[in-house]
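The following pair of complexes shares a single chain, chain A, combined with chain B in the former and chain C in the latter.
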Partner chain A sequence: MIARLYAGYALFFTYKMVVEHMIKIDNLTYRYQADGPTALDEISLSFNKGDWVSVIGHNGSGKSTLVKILMGILEGYTGNITVDGEALTQDNIQDFRERFAIVFQNPDNQFVGATVEDDVAFGLENQGLPREVMIERTEKALSAVNMLAYRRHAPARLSGGQKQRVAIAGALAMEPDVLILDEATSMLDPEGRNDILAILDEIHKTRTTTLIYITHDLSEIEKSDYAVIMKDGRVINEGSIEHIFSDTDILIESRLVLPYQMQISRAFLDGRYVTHDELVARL
Partner chain B sequence: MLSNMLLGRYIPGDSVIHRLDPRAKIVSVLLMMVIIFFANHWVGYGLLVLFVLGIIRVAQINLFFLFNGLKILLFILIFTFLLHIFFTRGGTTLFEWGFIQIDSEGLITGIYITVRLVMLLVITTILTLTTSPIELTDAIEKLGAPLKKIKIPMHELAMMISISLRFIPTLMDETEKIIKAQSARGSTFMTGRLKSRINALIPIFIPLFISAFKRAEEMAVAMEVRGYTGEAGRTSYRELNWHLRDTAALIVIIAFGVLLFLVRM
Partner chain C sequence: MKITVDGLTSIYHNNTPFEHTALNNFTTSFEPGKYYAVIGRTGSGKSTLIQHLNGLLLPTRGIVQVGDLTLKHRTKQRIIHQVKKHVGMVFQFPEHQLFDETILKDVMFGPLNMGLTEEEAEARAEKYLSLLGVPERAFGRSPFDLSGGQMRKIAIAGILAMEPEVLIVDEPTAGLDPKSHIEVMDLFKQIQEDFNITIILVTHDMNDVFEYADEVKLLAGGQLIREGRTEDILTDEKLLTDHHLEIPDIVRLVHDLERKGVVFEGMPRNTDAFITSYREWRALHAQ
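Right, the complex of A and B next:
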């Protein structure tokens, strides 16, 4: 009897360790105007800790609305959001903000500080951390995005990609549980975009921070563990990358552009998911 | 025309003056503004000019560069000078022609007042030339801390100044972009009569304002999600350190003030 109880506990804890749902969203519905169309329509999602989750959708699919609700910018939604089992409410939003960090689309409009290091430290100042901790964390975060050499530069002297890297450093310095990137690469050139994706890959390897990557570009999701396809405020498909690309019709229907290797696979091969290297090998 | 204007410009450098605590510099400038008025005859003015030249030397500012930058204010200086020459009476009459009369007293006062104005301008320009805007903002916040007691929001003011300064280059770029976009659509800004040129500015300012408000909105959201809730419970990453040299600088200024006061007649 006792043995069975222990076995039960052991199983329960193993379960908790294996599938630790960090964020759980239940029946989330949101309207911008009370009688307007639904921007989000009964969304239910759960994200695992340390995963890189991509949320993909065309303009107006509701992906940015979802982020704004998670960050507590929009109020008046119905449904539940729990983080580590704790429900998100208007009263505890300030505590959640310390665990969530976000990088927005426009690199210019989120640069608060007069210099790179001032900007990275801005969030830390808001948390009221002692100066020594701020210096240590700022340096660490700036090295993680290869921007330490630019620490005293003013934003006007940086490229868009560099500014976004500073924004990521500012987010990392907060040591968040969840890092959200809301189309953070859409205003960058291909080089800047690849830099950002490489940095995210490094962060992902540590598996300490859950990444939520919002994009409309299917070629950026290759490295993610899980993908969610959104259309008109609803989730129309979700799962592993292989699963997402197993049904390319849905993607095309959602007005998304397939990555080149998937277009080749669809046109000339069996249409199954391939990476660039696999495609080369098979051809 | 605006490229060589020095008012409010900062030029990075590594002189002692550059490295002084911005608070020390602001207090010194305020003291100097009072001290300048102690001088009341040629010995005092001579000492004053020498002292200011000394500061310029220590700050490693090119003298020609400095006065060239202040040329834009020449008109005000000449106007003040002429005003005193023609309207101050006393001493011996040097020149008389019709209703125009120039007295020796007028000439001397004119020179004194002009020197005084130039010194005021030079002193404040040295401050902005050697201190970065962000240091100035920090110093204003720190020095203004007592004003918080009478409900003047010094932290918010400093934050506003710092964000405004940070957005100047961004909005400059934006203005340039809009001008190019409107020119491509056939607008002309540089030709025509004054009225039509002013009218031509409207299609620049409206898009600029709209985008500035959009930026402000996004910035506010970005600040909010990074946990900004105002001054309460906030610590500061940047730090101002008061060194011995800052105290020394103040002592030098005060000593000079005492000297200038003693040579008064």
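Right, the complex of A and C next:
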């Protein structure tokens, strides 16, 4: 027992030493209007390089505001943000922005190109890549989301789920250091959603890209290394997925709903998180 | 108000190089007072179909009959305007639906446009905003200074305030937090029962379809593949899988338990009902 504990500690320290913070946020506070309410209220968080971090929380809890600040879209916050060990300032934010990619909540706010392929390539234009590489990356990203057949379509003339796929392709093509998805799968059909989760899985395995994944779907957070729950502009819980699921009161307080397996487990079993198959076996 | 779709073909950019047939010779009907779900994978034609039901799109061929109003290829704006008074629609991207300077004015717009007085329209707006949990202190704010989920609630309130006889909602819960999701779905059901209106829900969420809808229309490639009672279509695992749709959680659970010998009398339609059914089954098999 002691030996195991000791091994655990040793592992923990090695981990701490190796892992670097990709993003570190200290005391971040933001108001949309100077005299208005705080949309973010003294938030402190750090995201490890290569981690998949899920961000959840009720409507209006501050999720999109947080990522818009990281993207340099909103200015005038107080607090400190460090990216890859370097403090974020007005002067260097532009450089960092090229290493970040975001898929917005509403893909229509994102499209700039006249065709699907122009749109995906547009994001690459600032990266100074040779034309062949741009074409190659565009095609690769579009086929990853199954939209290559639509390359010459106008983004406006796509169905809702098709728009979301193209928006995701645009971010993937940039091969960013930090990939942010703000409810980017909300209108995908199950297959489309699984495709995207599988792509993210692949990216995650390389541990070179930090993933920030905003969602309202608790079943989607299972794959992440770390989750953050926001409420009224504050972080009210954070940690591993096991930790997040173990405090059901906080989940309920944040307007989340327990997955059906947990509701049933609470009625008939020990109330802990179980998979569908475990549930079938134990009922 | 009955809606009949007869031989509807819908071609985007007809007679251009971009021509795309989104619906092909589509025939179906929607009976008054029923709750319908329109399902099918991405690009199957769901949003296109429902936009024909309130005149937002007009048929390339065929007709859409809304009560005694007929929508055809060249139907006049005047008729379309009439149709819109009866058939309310919440778009897939509701931000596009918002435009006024305050939340309250935005929601009042529909009722005013239908000829209600200023006071009536305001009363309606307040009623539906509060049913959607929007606090009164927010009424004066701009609908654009809101989070994604908050905007969606305003768009929904704007359509509900018109009290349409047919309510069409396209992915209405995308972007809502799980609690709001349930609240909004319960509210639609409540309104359907109270006012005996028709609801047409477009969604990828098969749990919602199973819990709320009476009837289902399954689309694929711009055609109607199957229509019928929810309990028949959503328990057909093969049909759903063949069309790239999910099996409702509870259906999957009940079917898996049946294989273990745990068999219920009827099929529970949501998690709470499942818990009740299982409790009864256990009591019955306790000895």
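Assume the second predicted complex is superposed on the first by the 244 of 283 C-alpha atoms of A that agree within 3 Å, B and C clash if a C-alpha of one lies under 4 Å from a C-alpha of the other, contacts with A are read in each partner's own complex, and residues count from 1 in each chain.
By definition in this document, a contact is a pair of C-beta atoms (placed from the backbone, for glycine too) under 8 Å apart; a residue touches a chain by one contact, two chains touch by 3 or more.
The shown structure was predicted, so the numbers you read here are calculated from the model rather than taken from an experiment.
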>> With both complexes overlaid on chain A, does A:Gln263 touch chain B (first), chain C (second), both or neither?
In response: second
> Just chain B (first), just chain C (second), both, or neither: which does A:Gly233 touch?
Replying inline: neither
>> Applying the document's definition of touch, where does A:Ser159 land relative to chain B and chain C: first, second, both, or neither?
In response: second
>> I'd like to know which partner A:Met134 touches here: chain B for first, chain C for second, both or neither.
In response: first
> Of the partners chain B and chain C, which touch A:Gly192 in the superposed model: first, second, both, neither?
Replying inline: second
>> Per the contact definition in the header, classify A:Glu183: touching chain B only (first), chain C only (second), both, or neither.
In response: second
>> Looking at A:Leu279 after the superposition, I want to know if it touches chain B, chain C, both of them or none. Which is it: first, second, both, neither?
In response: second
>> Under the stated touch criterion, which partner chain does A:Asp108 make contact with: chain B (first), chain C (second), both, or neither?
In response: both
> Which parts of chain A are touched by chain B and by chain C alike?
Replying inline: 106, 108, 154
> In the complex of these two chains, what residues of chain B are touching chain A?
Replying inline: 133-134, 162-163, 165-166, 169-170, 214-215, 218-219, 221-229, 233-239
> Hey, which residues of chain C end up touching chain A in the complex?
Replying inline: 12-13, 18, 20, 41-43, 47, 92-93, 95-96, 145-150, 153, 170-171, 174-182, 204, 244-246, 249-250, 252-253, 256-257, 260, 262, 271, 274-275, 278-279
> In the complex formed with chain C, which residues of chain A make contact?
Replying inline: 32, 57-61, 63-64, 105-106, 108, 153-154, 157, 159-162, 165, 183, 186-192, 216, 218, 254-257, 260, 263-264, 267-268, 276, 279-280, 283
>> Please output the residues of chain A touching chain B within their complex, sorted ascending.
In response: 71-73, 94, 97-98, 100-102, 104, 106, 108-115, 117-118, 121-131, 134-135, 138, 154-156, 170, 174
